[in-house]
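Chain lettering (A, B and C) follows the sequence in which the chains are written, and residue indices restart at 1 in each chain.
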Amino acid sequence: MLQPLLEIKNICVEFKTRGGALKAVDDLSIDVQQGEILGLVGESGAGKSMMGAAILGLIDPPGRLSSGEIWFKGQRIDQNPEPFRGCEISMIFQDPLVSLNPLKKIGDQLVETILRHKRMSRAQAIDRACRGLIEVGIDPERLNAYPHTFSGGMRQRVVIALALASEPSLIIADEPTTALDVSVQAQILKLLKKLCDSRGTSIILITHDMGVISETTDRVGVLYAGRLAEIGITDHVLRSAKHPYTRGLVASTPKIDPDSFGRSLYQIPGSMPKLDAIPTGCAFHPRCTMRTDKCSQERPPMMKDTAACWLLEEME
Amino acid sequence: MVLILLRRLGQAILVLFIVALISFLIFRYVGSPVDNLLSQEATVQQRADLEEALGLNDPVYEQYFRFVWNAVNFDFGNSYRGSLPVAELISSRLPATLELAFTSALFALLLGVITGIYTAIRRGGLLANLILTLSLIGVSLPTFLIGVLLIWVFAVELQWLPSFGRGEVVQLGWWSTGFLTLSGVKSLILPSITLGLYQLTLIMRLTRSEMLEVLRQDYVRFARALGLSQRSVYFNHALPNTMIPVTTIAGLQLGSIVAFAIITETVFQWPGVGLLFINAVYFVDIPVMSAYLLLVGVLFVVINLAVDLLYLAIDPRLRDSQLSGDS
Amino acid sequence: MKRFFASDFFYDFVRSPVALVSFLIVLFLVLSAVFAGVIAPTNPFDAASLNLMNGFTPPMEPNPFTGDVFWMGTDDQGRDLFSAILYGLRISLFVGAMAVALATVMGVLLGLIAGYMGGWLDNLIMRFADIQMTFPSILVAMLIFGVARGILPPELRDEMAITVLIVSIGLSEWVPFARTVRGSTMVEKEKEYIAAARLIGLNRWQIMMRHILPNVLNPVLVIATITLALAIIAEATLSFLGVGAPRTEPSLGTLIRVGQDFLFSGEWWILLFPACTLLALALSVNLFGDWLRDKLNPRLK
């Protein structure tokens, strides 16, 4: 098997509070292959954004990466992520309305980013910026426009153009379409997919929307309470999930098909625990219909590289 | 854009007329001009003649317009103390106040912004916390107390700096400047610090809180994620966004420098218009009081207007939103 | 009362060294001022009790002529500085408190009227507030003081100085109260209980006073604490400038003014003790006010 592009090994992201240290991400390990789109799905507060931020060392204090290693292209990067930011690994955030500096023309922001990572003349950088805009579907004449003159969808395209400016190998997209209209969402996702295909860029797509996952991703990881519950090829996970939580998630996604009409929407009972009240053993066990005694005592490791659930142990 | 300019200008002029009205009312109706100009033995006839001569019997609005017209022509009547024309009194003392105001504003702005940025970037650091504590004290202390204490330490005990007056001044045409002599500059130091200290703490705290707010914004986070250098993030992205509210509020503060100048000039016996005003209040010298009020009013209105327009010029978002009618 | 001591507020209060210390200092100063008549060894206002030979006595040293000892020394006229400070504190606090009271009453009333009646009345009051706010309040206070002095005949000027001081400071600080109360009033006005009161037949004044007023008073306390600190400083400043409390009834500001004159001739105590007292007062009122505002501000919770 090819060496993965990104390897995350047993990372923990902790917050120091007066009551003790809270773990937003707890012993998480996951890999990203070259040229794949990996989805990270979970409810709000599951730790997906934290994970994304951890890769580039962008966790806001008082949080910090307290243990674990992150390897990129065979190099360890968690101690020194700065050289990789915007260069080999880019990140885009949720709300395009606030991702761009309101006082700077988008052309200036593009040129600045390009010049930061590649040596070239200013004229060449401007040329590069124009081509970048065309690639994301924006008229290069708008190079001198200010962000507030763009709509939400257009702004996200600018953000993507900025992230692509230095031709990174990996893009971390943290809920890139959540703040946009549904119709615009589809366009942006299509754009991301197209760019990924044409350049061989890998994407980590963080979202809470199962629809986005099924449309766009090759593989998907399911996060719960800061832990990886399940990982696998998207089609397999959605159709035959191994982890009870994933099954619950899929079942509770509203579908538009004639069979679903007339049936009430399934909801997983209870809610995800807060960081200071994570249950012992498997974090999901209080809400799980298939729990055993072992589930409340010991935390299950990742079984068969698929799901972290004691139920899979019997199958061995 | 032009519409906005005209609207602001119109508002400003209206306020000016109201200020002029108040000034006029004080001038005309507080105390008695006639009593102050004549001795106590004046006869009733002499009074009546003087009243007629001064135009005190004309309709009020006529007197008002005459007052405004005179003001525009820099004629503010004569002081009750010594009968010198008020305009001359003010103009001879204006340079002193302006130099003091300018120096202290510069001091407050430069030091305030620098310490503000520093305490925002180095949040939680020892020096930063020390500066913040000192600033709290600076805000709580009355200006005159700071001045008096500074005099005591630096002029009386250490004898490094003079304790009153402007030192030697050089006359450049109408203007008299203290910048060109050593004693002039030395005399400027303590008063400038006294006058500027309050502004400094204000600007510092404002810069700090605005900077902290800006640094929390997503576009700063995004800039970091794009790999831009720390320095670029701070000075190229965060700082310009911080400076907008800071400059506007600092600009509005310019007005209060004028007010506090009165206090500082009194502490240091600085021969400016502030000292002139406070003496006028003490001796009930009405023409000086009303003229000062008018001038200060004009100054404030102009400053407010300028700051408004500056704000519009800097922030591109406002230009467009103003056009669409929401303000 | 018991509920107060058990409340969160009190808990935070005794845990915060800043709040505790500043409050105690303020309390100490206030009590000293209130009981000045009892604590002070002499009455500094009684000109007859002054002995010029006592003038310029350093603190804690016996006077070479009379042998009297004064804790904080005497000024140029033989006044015991300790007593003068106590009485001066009294004036400073009295003027501050009365000025705030005036500003509060005036501001709240005008705010209520502007908010409830709306229309041209609202416009007029707010325009006036805007114009007044373009000027720093200390300037407004000086101006009012000057005008008042101009109106009063010369004989009355010193006598009425304290009253004029209160009025001028009070009138310069009403706007924040009015603006806040006006905002809250405009919100409350639309609520159902007001419509109900109108249906019952209550007239406008009754509605404003009995129904709206109690509901808009919350932020007033916060503004009042800020204004108190400002008023105390304003009084000290005006007195220092010579346009406040006169020498016959000196406040801390006046005493400092006198003290400054004697700095160069070496009688440092005439300046130091009043200055320290004012410093302690200003700092602790400000610090306690800051802490109080932080605690009362729901947004920061």
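Everything below uses one rule, namely that a contact is a pair of C-beta atoms (placed from the backbone, for glycine too) under 8 Å apart; a residue touches a chain by one contact, two chains touch by 3 or more.
For clarity, every value in this text was computed on a predicted model and none was experimentally measured.
The largest tally of C-beta contacts between two chains is found for B-C. Chain centres were defined as the mean of their Cα atoms; on that basis the chain farthest from chain B turns out to be A. For the pair chain A and chain C, the distance between mean C-alpha positions equals 58 Å. Put simply, the C-alpha centre of chain B and that of chain C have 25 angstrom between them. The mean-CA centres of chain A and chain B are about 54 angstrom from one another, to the nearest whole unit. Residue positions of chain C touching 2 or more other chains: none.
Chain contact summary for the complex, chain B toward chain C: residues 15, 18-19, 26, 30-31, 136-137, 139-145, 148-149, 151-152, 156, 163, 255-256, 258-260, 262-263, 266-267, 277-278, 280-282, 284, 286, 289, 293, 296-297, 300-301, 304.
Partner chain B is touched in their complex by these residues of chain C: 131, 134-136, 138-139, 142-143, 145-147, 149-151, 229, 233, 236-237, 240-243, 253, 256, 259-260, 263-264, 268, 271, 275, 278-279, 282-283, 285-287, 290. For chain A in complex with chain B, the residues that touch the partner chain are 56, 58, 82-87, 90-93, 95, 98-104, 112-113, 116-117, 146, 148-149, 159, 162-163, 165-166. For chain B in complex with chain A, the residues that touch the partner chain are 217-219, 221-229, 232, 236-237, 240-241, 244, 315-317, 320.
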